[in-house]
Amino acid sequence: MYLRDNWYVAALTSELGARPLSRQILGEHVAIFRSESGRVMVLADQCPHRGYPLSLGTVVGELLVCGYHGFTFDSSGTCVAVPGQDRIPSRADVRSYAVVEQGILVWIWMGRGEADPTKLPDTPWLADTEHWSTVSGVAKISASFDLLVDNLLDLSHETFLHNGSIGTPEVATTPIEVEVDEENHVVRVFRHMNAVECPPFYARTTGLHGKIDRWQDIDYTPPGHYLLHARIAPVSQPPLPDGTDDHAFHMKIFYGLTPSSEGKVYDFWALARDFCMGDDEIDRFLEKMQTGVVQEDVDALNILQSRTDERREVSEVSVKIDRGGLAARRMLASMTDAQSTS
Amino acid sequence: MYLRDNWYVAALTSELGARPLSRQILGEHVAIFRSESGRVMVLADQCPHRGYPLSLGTVVGELLVCGYHGFTFDSSGTCVAVPGQDRIPSRADVRSYAVVEQGILVWIWMGRGEADPTKLPDTPWLADTEHWSTVSGVAKISASFDLLVDNLLDLSHETFLHNGSIGTPEVATTPIEVEVDEENHVVRVFRHMNAVECPPFYARTTGLHGKIDRWQDIDYTPPGHYLLHARIAPVSQPPLPDGTDDHAFHMKIFYGLTPSSEGKVYDFWALARDFCMGDDEIDRFLEKMQTGVVQEDVDALNILQSRTDERREVSEVSVKIDRGGLAARRMLASMTDAQSTS
Amino acid sequence: MYLRDNWYVAALTSELGARPLSRQILGEHVAIFRSESGRVMVLADQCPHRGYPLSLGTVVGELLVCGYHGFTFDSSGTCVAVPGQDRIPSRADVRSYAVVEQGILVWIWMGRGEADPTKLPDTPWLADTEHWSTVSGVAKISASFDLLVDNLLDLSHETFLHNGSIGTPEVATTPIEVEVDEENHVVRVFRHMNAVECPPFYARTTGLHGKIDRWQDIDYTPPGHYLLHARIAPVSQPPLPDGTDDHAFHMKIFYGLTPSSEGKVYDFWALARDFCMGDDEIDRFLEKMQTGVVQEDVDALNILQSRTDERREVSEVSVKIDRGGLAARRMLASMTDAQSTS
């Protein structure tokens, strides 16, 4: 069961070109496109005439024209033209979806009722190009949403799965702290590694070598919004009591987790840094490294899902590193329960 | 349910080479081959010994020898040799199918009883190389038979799906006339476009430019025989009262629609023209254009089927352009009913 | 139902490198690896923590470390390390499998109880490099175990399926003798072809041309152990009364038949010859020829299985050449019965 009354990342704005983009989100096929005036629109990806995907159609001004027989729709999904006749039949409209363009992200409201703006995540740094430089991407994973949540909530896997880039021995050995903020609906996981090895990912970008302090503070706001605050600093130089932390390097590692269909999930990511601002070479380095890291996760989760699919029952042995993931599962389960009984 | 008591195109004669051709028609695997004396034969594609496909065997004279253990069959499907012994076991025969070679087409009778020659479609122009030049091909579509019938009965899709080759705006905007000939068992759809744009497909081949008269007259004889009479002429020069029409260019666009298995269909086509006779360059141009047009249909129907397969229920909104397709569906449905109750 | 209380070939030793090998045997995923001390070990290919395949992990000394979160196991499957904590949870162990390395083969015991060494096939010639030169390989077939047994027990198919390499007309026409040794649990099939054509496979390697005596004596020990004794000799020079046969060329053609999962089977093979000892060029020739022969079987069985899967019922017509295969089926069926009632 999907958690419908939520905003999910539907696309990166960089993915929207001249042709509509076809995505399946929470089991529903949608056509995402930017009209000629620049507005992002999302319609159900199924022409009411014969069912052809509207994402294969053509954007003409503010309208989307079906690529099979030319049924034409406006941003509200209202059918405004039909071939061979002037009368527009009733029942020829399609569903439209509420969307918000926010920096480099397009968020979609998948609820059945009115979109709730108070639930929209806020990611102002992704639009603040003065203070943050950002690279982004998206991968599709053939695994359940839960396996991706598990993966991201327990970063000790970096040591083994990502050991050429962001993983070092200390990620796995450093204990975590977990905080469940029921009121704000956030699972937080803290891992503060002090005087540890600097992995290639950060050595190249920060210029720091030898031992560093490396903090990983996760804010996971279920279902689809994950943010990892990474702090890289010289050893034993914590933030000042007033919160200023100018001698440290910061990265906001955003993931948008969007269920596609049963056993498929989109994994959107955006790395924003407050150093090496506007450095194209560093952009390309981080994009390449992160694309590789995400692909390692994709490969791992794909095979894990295919093995899971073969089993009659799934057994697990949980340990301390799993506390973040288990807290996230509980919060997701209670949201699912709440939806069922509402 | 397949409409069995009918002739279907099984192959183009150009497809028959030294090795048998494997086809699945109306759910039945068949091996089609030409014996050394030149006769086309069709046997069930399953050796009675261990089930190996006979299409992987070898033609020896008038016989087909299984490629696994050498069981050997004549044109009637009778087993005439078995390895390692002289006695031929009873029950070792396979089914043979009635076939007719007609110009460039091989027709197969898929009924359980005697083949009915009165039901065999007649396509004399495909053998009349003096008056008609022909190019042909075949595509396999991963879609239901019904989706292909829908596609071919409503040519307004040319405007949108085939707009680089045969589609112009007027195909979609010109109203059609539909005639259901119950006696002869034909659905006819007429679209006479007068003083309209000449698409690249015809400009290149006829030498006409600017405005033309363009008529599309469809004869669909369910289940598997579709013929589009295309007439391209200078504006306002209709055929003479006695029927002669020498100043016009004609094309007979034949489609053989052959169900393969559930959700798969063969789309045989043959374009015959009464102009540019024997012009190899025009042959190649038309073959390339038509192959492209058919591939656009294949792509559209494949995705349409895959989306349809996901849905619990299919809803449609029909308009005037759909009258030909709806008439065809009704005729197919009544044939299916008749078969069920017979 | 698999015949569990038996030894099967799990791998060729040549397949074991720095990374663990993933195999599915009798439906069970296993990770096969050689520890740094040189010992071959097999563990269940599923980490008890979150189910990740251990075959994607890393061999460290005598241990296998999971590639996802670092759970670590010894040769008995006991978990000896967990990330982020010192305490090892109970229930964190995995199953280990008894294995025997025998020349170029790794045998695995798939029974639930103690491994039975008396059931281990003996293939001393595969380790006797002084008297036998061997080439080997493995193929995976998408067909049932039974289809592969059928294939190997009736070599008359060589004439048709392998006619460019080992098949000649006489294989199909020469009658066989079948012997069922219930006590030793072996099905034997004898085909002694005298004064027959020498196929390319043997002409090139033995130097014999024209007519030869060619004997094919099969010992099949169900379920997984098949041995073909091939004898190639000048015409009318049988072995001496005391059994010496120095003027003949001998080949032991071993097949290890290992069910993988439903409809999948591993086809291990090893050709040992007592002539052209240590000749690299002959090695490469035989390896290439046999790889081609096996691929012909793979292709035939894959298509046979895919056709069989489509059918509602399987009918067969058996003849004399099938007596070996039918005897093998009966022995396999009685083993299956015995297992069910034990």
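When the chains are written out, they are named A, B and C in that same order, and each has its own residue count from 1.
In this section, a residue touches a chain if its C-beta (ideal position, glycine included) is under 8 Å from a C-beta of that chain, and two chains touch if they have at least 3 such contacts.
For clarity, every value in this text was computed on a predicted model and none was experimentally measured.
Taken over every residue number at the interface, the positions common to subunit B and subunit C amount to under half, indicating a different-residue contact. Subunit A maps onto subunit C through a rotation of 120°, based on Cα atoms and reported in steps of 5. With centres defined as mean CA coordinates, subunit C is found 48 Å away from subunit B. Residue numbers of subunit C whose C-beta contacts span two or more other chains: none are found.
Taken in their complex, subunit B has these residues touching subunit C: 29, 46, 48-53, 56-57, 65-70, 82-85, 89, 91-92.
Chain contact summary for the complex, subunit A toward subunit C: residues 150, 154, 156-157, 159-161, 172-176, 300, 303-304, 307-308, 311, 314-321.
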